[in-house]
Each structure stands twice: as structure tokens, then as C-alpha cells.
């Protein structure tokens, strides 16, 4: 397993939490095992869909431990590190490296707006704290500050910052990033982009919630893209797009947890006060899963 | 010349205005003639880049007349109709049909937010007023109201509304529209999307300012897309993207008028109080034009 | 009648338009006459509520003529001048001065964002074109560009720019403007501010839609403020606030036209595709008018 | 000391953290003691300015302990409880009650948007978990979700939710809340409102960062308001406003920590990657402090 050339389909894992606040190990193990069997190329605990923003430090650490245990070093595990402060983020990153992760998905949380200097300080501090490859993450929908192209360019010059995951819906920005960083930073698509388009412009795969509920379909789509069989890829993409689309409509964690419940994984509801997927949402998700053969 | 199957490269034309407020006929004729010689598939006066929002009714009408004269019925002319009121939009549309346009690009201006009912009333009234094909246009960056998917679906059921131009940067939304309208509405890309990606997901071409300054390169790119020669298309796209990218950075009209001045078309500055392209902007645009062979 | 010390209650007038597109002179005359009888201190045609953005040049001019006729030089008429271009705004301002207006309410429309230089050029050109006092207007809710404090400071140094109407809901910004311009610019409240608060911090009155439907109550409130009888002013304000509040909830023109219809003025609906006040909206407005004694 | 009728000036306290991550007890004690000597009516640790979003649970708890120790039960201490989850917020609230706080300032953090049901669940769960009075807090500038008037009305019917702190700059919204909740919910002003205006419309005081650096001036202003000596209050307010205004310009924590450093409190910089107040910012804050007699 090479850890410095991540590519392919990396499902964002949900974080199943029992009513008493424990991470539900059996269900998370089973989900990871099934995803591995379906051929996914990596596992990503603690992304947005993984409710990192709703878990305590102890809960987050436990999620990482369980996913690593399930992965059995068969495929890379990239754990989300997210904080408002450098000190806390560095501590998380070191800890996840010590636990055995293959890479870090670095997320900047904030309450007040952050200057480009602050952005650079945060991500470069994480990169310095570990020897693992780092994926920088930006989500303008749910975060206060987007990474500027200037900051991305500067960060791309740090050795172990080799990837970016931009969760906006602006695909052109990804092409700008690819042009700007000239190979120093590889791009992963998010569920708000069309994966086939991102692959065509030079992306290396996708990290996304939908891959968690449609892993086989996602892997097939990826393989068609890798083979540059664009026509058949687009045919698949067209059908799968409804799944990505529904993610933008509902609370991400509620949506994917609801979908997994329909598939027989008792992952429970998102953490309160987040509301579970509504009945209308469940019906919509169910219809989509059936249509794409994921139920 | 078929007027009901628009496809290909439709440059958004600038509106050159003399200091005394006249539309500069010779320069506009020359620009149109050169674009036609370069192989573009249609002409679009009075889009955003055409400063429709800055021209009087008489100036707008004059722009349309001149473009029609230059087009000599060799290629379709789709004129922008834009207003805050139905009454005024309908009058413009009828007038442009009478002048000889091949289609209408329908734009909804507003001061107060518009409900979906209002949106439907506006576009359907324009469509009813003419027999020409209508392209509906939405630009969430510069307009107060974006068209909802529900409104688009409803509008797609009107016979002569056959096209949509969405000037957001959200390419996934275009795929959603294509899926939703099931062939009843064809999609044109904007300069904020990556044209190759839009073509790949099922688009039929693009209406965009950059095509006005790089017509030959745009037509070549379109032909590679039509031939599904995606690898070579992406190679061209990658280079041309810098031109699209710079459009998002500066005032659109200032940017394209500045670029055309560099190419020897004395189109003048955008209408005041819009500021002309800054010296830094000119230098940036010049470098890009040189790099892509458009200067 | 002094024209260079505007103060008091200036109702924003609606623009009644007949189905055939004529300005309805009798109803507009009657409305103005009743407002004058109720003691208002000035009349303001062609503000936001006056649907300036939905009227043709000829319709706007006609509104101004009628209001001037109704005013009979008994009180100042401040007409709204609004455009995207300097040339058009200057033409309007000169025309309204020639017609006999006492002042200009200057509004900057835009499609593309405007730089501070553009903002300054626009307002200073209007001020230079007339000898009348100019009120600069800014409405961040419906316009693309808010006036920066720096631009306001610069504009306040122009002789005949003596007033500002800021239609945000940020009352603190008004105090910042008052402090910054040190008496060179007087502040009028909008319906989104609490008039009593604006009077207390140094404002000179208000220009607002609600004054059009509750003129007597507004004048009484103003007089209590002028007398610095703050306790009784606040008592009135508390009741009247519901009227201001409902304005933020519905389309402004629909709301005030609906209220005037309830009061017996057949002003008609707002211009399509704006929708008339809904039945629920009418019921809410009716209840408020009854509660404050305006029906 | 009555704990169920909070009113007056409640400074938002900064959280001084040593380089090794400890809360700096001596400097926090000294700051609190000086504020008490200056006559403030309560102390509020862990508001926005207190960097709650940047501190660990242990650091937050320590801040509360130290402030309680400094307060010596002479005045109410209202501690900020902030979380994305109900479970964590309830735990914090119970803990702060057990430590001896007089009230809870309840803040809803979120990553994904929260529905009104989620908002109600969150705040009502906190209120049920303690017997203390609860102040609900909303800050549309830095939080993803503003409290709707409907949610506020519903929450006002819970016995121990008796106060609201709205940190928008929309003063009219405060009057709407006061009218809507008919005495069941008292309103505290924020630094983005003009305190005198909020007092005039029925507010009971203010919780704000500026009170931390200008406590004497703030208390004098409050007393003039309580005496309804509005003219003299406005005179003071006018001068003090520049302090509120500068808070909107810089990172809140950087701004107030920088001001306190100038006053001789070695509170240190805000937590990284927040940047300390710039040299220009320091000069501006220094000039204001000197002008208002706070240096």
C-alpha cells in the first residue's frame, strides 16, 4: 500500500453514535468491511459527513481507531483533523499519525474570519507536525473562510501537502487550482462536483458521502474514468448524479445516515439537535437508491 | 440556416458606444464580420457583456439592427431581451423578432425579489409574444433571483422555450437541469463553467464573452468536443481556461472591451460610472491573449 | 418654503399605473393632497416603493409632473433619480430640476459591482448637474453596492450633497455617518430603522413607505421627537413599528399599494411580474392599519 | 444579589491564555477586580470576545472558575455555554451551575444549518437542565443560523429563558422581539447596536466587549439611560460609539486583547491562527481609548 499516491474513491464515513454517546464499533466495522469488499480505494473518517463538528475529541479518536482496525492496512485511511486552533489541530494530527493513519484531511474551523496568513499558518503547522501526506480541505458552504488561490499556491509548495479537496460547487475553480499548482497539488472531487468532470480536467478521484452508500457504482464509475471511457462513464454518471444532488438538499449527515439505515446499517440519527432525515427525505433517498441499484 | 437547433459558439458581443452616446456602427460591423469569418455559429448582442443594463431602449435596438446587418442572415442572431417588467420585455421581444432576429435570450431583471410565479409569468409571456425560440438566462452573480429547478421544469414545457444559459459557476446544476428537463431544454455553457465539461455532460455549446476575443480558438475547441476527441479538447481547454478565469476577476464589459482594444478594435470603455480595465488588468489580459495566440 | 433644510416626514409615494400603462393622475393627485392635508413635510416620488425600477423614463417623468402639480409649491418635492449610467442620471436630474423639484434623491443602480471611484463619479456628476440639494440613497438589500464610509465622507464635501438616506437596517452605521460627516450630511431614516432612534442620534426625519399609509400618525411621532418628548414618542413608536415591520416581509410596492387599496385609494397592483399582496398579506396589513387607527 | 433580574453593563471578558495553554489566572483576576471596582453590573466569561470557540472544555471551565473566584458573589456571573450538540451543551450548563454561576448565556454553534425545531430543542434542553436564568444568544455575523422570530417567541414561553442577546446590527429586530415577547424576554444590547437606542426602546443593558476596556464610561452611560437623561446620554454615546465601531472592523478578540494590553493588562494575543491586532489597528484603538479617557 503506497501512501503517497492516493487516488480513487474514498467514501466519507458516517460516525454512528449510540444513545449513551459511544461510537458504535460493530456497525462501523461492518460498514468499513463492506466498503472495502466493494473495492473502494481508501477510507475517510471525520469529514463533514462524519459529523466531526459534533463529536468530542474522545469520540473522534475512537472513530479513527475503529476505522483503522477495520482497514487492516489493506487500504489508506485518511482521518479528518479539524479545529479552530493550531495547537489542537497539531495534537490531533500527531495522534492520528501515531494511531497508524496513512494521511490527514486537514480542515480549518473558525468562528471569526481568518486572514490568508492565518490560513497558511494553520495548514503549514499541521503539515510540519506529521510526516504523512496532507489533503487540505475547503468547504465554502459550511465554513466561514474559503481558501484563496494565493493561499493554495503557497501551501502547494510545502512538501507533504499534496492534495486538495474543494467542496464548493465551482468546478472551474478546480481547474484553476490544477493549472496554478502545476502538479504539486492533486485534486479530489466532492459530492457537489460532477466526478466525471473533475476526472476529465485532471482530478485523481473523489472523497464524498455518496460513495458510502453506492460504493460499487462509484468504483465502476471511477474505473471507466481511469480508462478514459468517457461516454460510458457519462452514462453512469448521469444516473448516479441524483444521489449527489439529494445530498445538497438535506443535512449531509442525516441524509447519508438515513440512506445507510435503509440499507440495513443501524447507524442511528445524526447527533441532536440535528434532526433525522424527514419521511419525505427518506422516500426520496429510497427511490434514488432503488433506481441506481443500491438497495 | 435553421433557427431552431442552435448549437456551437455564440460570442457575447460588446456594445461600442461613442462619447456622444451613439452605437459605433463601423467597429461593431467589423467585429461581427471578423467573428463570422472565424467560424462562430451565432451572434449574441445584449448579453451581460453587451452592457444591456447600461443602454437605453434606443441604443439596444440600434445594436440589434447593426448586428443583424452584419450577420447577413448567414448565422443566427439571438438578441438579449431584459427588463424588470413583462410589458417592456414583451415589447422588446416583438420588436427584435420584427427586426429579423433568430431567437431571443430572455433575461429577468429585478429590484425586489421575484417569486417563482413571477418568474414563470415573465418568461412565459415573452415566449407567448414571439414565434422565435427562446433561451432563458439566469445569472445568480449579478441578478437578484436565480431560477429554481421547479421553475425551470415548468418553463421547459413551453414549446418555444428550448434552451437555458445558466451563468452561475455550478456545473452540477446544469447536469441537474439536463436530467430534469429530459431533452426539452438544451444547455449552453457560460464563461464561468468549463465549456468542455458542459459539452461532455450534454451541453450544446457556449454563449460567452471570451469567444468574442478568441473566436478561432473557441471554434476549434467546440469542434474537438463535437468529435468527442476529449483528450485533445482538454489540452486546448486547459490553455483557454485562463481567459475564462480572468473574466471572473474584472468587470466583464471592461475586460472584454479592454481585450478588444488590444486586438485593434476601438470599442471604447464601458459606460460610466463603470471604470475601464485598469493597467494591471490590461497587462494580465494581454499576457493571456498572447499565450493563447489571440494577439 | 426653504429647499435647503429638508426635515420631517417625507412619504415615499407609490406610482399608480393603469392597465394601459398610463400614470393614474386622479388617484395620485388625491393621495398627495391627502398626505399634504395630514401635515407631511415633503413628498418623495420614485423611491424604491415608487417602483422607479419598473417604470419607463416617460412614466417616471409623468409621476414627477403630477406630484409637483399636487404639491402646488406648498412643500418640497424630492424626486428619485436612478440609473446605471451617469449620462442618463444627469439627464433625469436636469429634467426634474427644470420641472420644478426642490431636491433630488440620487440612487445608483448597477448590474456589475461598482468601485468607490465609480460611486463617487456617479453622485458627484448628479450634484454638479443641478443646483438643487441632493440626498444620496443607499439600499444594501436591493442594490448591488453599498456606499462605503470613505465614499460617503468624500461625497459629503460636495456643497449640494447635504443628506443621506440609508435603507439598511444598521442604525449604528447612521451614527457612524453622523459622526464622520460632522454636520455636512444630514440623515434621514428609512422604514428599516426605528425612526425614534434615528431622531435621537441626530437624524432629521424619515423618508419611508409607511408614512404614505399612516401620515397623521407619522407626523405626530415626528413632532414628539422634535419636542424631545422621548417617552411619549416611544409609546407611539412601539405601536407604529408593526407597520414598518410588515414592510420588510412583503414586496414593498405590493405592500403599500395593498394598504392604500384598503384605505380606498385605487392605486392598483405593482407592475407585473411583481405579484399583488397575497390574501394573507392583506389580512395582516389590514389588522395593523386598524390597530394603529389608519383604517 | 438577585440573580433573576439581570440589568446593566456586563462586560464580555477576554480569555488570557499562556503560551503553554494555561488560563492566566492572575491577569484575569486583576481584570475582573478592576471591572467590579469600576461598577459593572455583571461579568460574562466565554462570549464571542472570550474566544469560547477557540478553547478546550478544560480551558473554558477554568475561565469560569477564575471569574467566579474574582466575583466573590458580589455580582452575577453569566457564563457562556456553546456547543454544536445538545448533550455537550447540557453538560456544560450543569457544570457551570454547579460551579456557582448566576446564569447561562446559551450559544448555538453549528456546522450544518439548523431547523427551527433543532434551535428550539437545543435552547429548551439547556433551560431544562438548569434552574438558572438563561440568556439566549444569536450572532448572525459569525454563526450559521439566526434565531427566527417564531423560535424566539416559542422559547420566551419557557420559564427560565428570560433574556436575549442579539448580536446583529439590526436594532429594529430588537424592538420586534420586545413587542413580540411582551415582557417575557428582556433584551440586552450588543456592541453592534447603539446601547442608548436599545435602552430607549426597552432594553435592560448591554453585554459587550467594549465595556471591558471602558467600564467606567459604560456604567456612566448606563446610569444616564436609567435616569432617562437622554440628551446627556446621547452626548456620551456619541463619543463612545467609535469604540463600538472599531470592534466591527477587527477580529473581536484581537481588538479587545490589544486594547487591554495598551491599558497594561498582559492578556496576550488571541489564540493562533487568529492574528494579533495589527500595528495600524493598535494605533487606531489607542487613539480612541485616549479620546474617551480610557488610557
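The letters A, B, C and D name the chains in turn, as written, and every chain counts its residues from 1.
Just so we're on the same page, a residue touches a chain if its C-beta (ideal position, glycine included) is under 8 Å from a C-beta of that chain, and two chains touch if they have at least 3 such contacts.
Quantities reported herein were computed from a predicted structural model and do not represent experimental measurements.
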| item | value |
| --- | --- |
| Shortest chain-hopping distance from chain A out to chain C | 2 |
| Farthest-lying chain, centroid of Cα atoms versus that of chain A | C |
| Centroid spacing, where centroids are CA-atom means, of chain B and chain C in whole angstrom | 36 |
| Distance between the centres, which are taken as Cα means, of chain D and chain B, whole angstrom | 51 |
| Sequence positions of chain A contacting 2 or more other chains | none |
| Of chain B, residues touching chain C in the complex | 21, 48, 51, 53-54, 56, 84-88, 108-115, 117-119, 121-122, 125, 142, 144, 251-253, 271-275 |
| Interfacial residue positions of chain C with respect to chain D in the complex | 169-173, 175-176, 179, 192-194, 196-197, 200-202, 228, 230-231, 234, 237-238, 241-242, 244-245 |
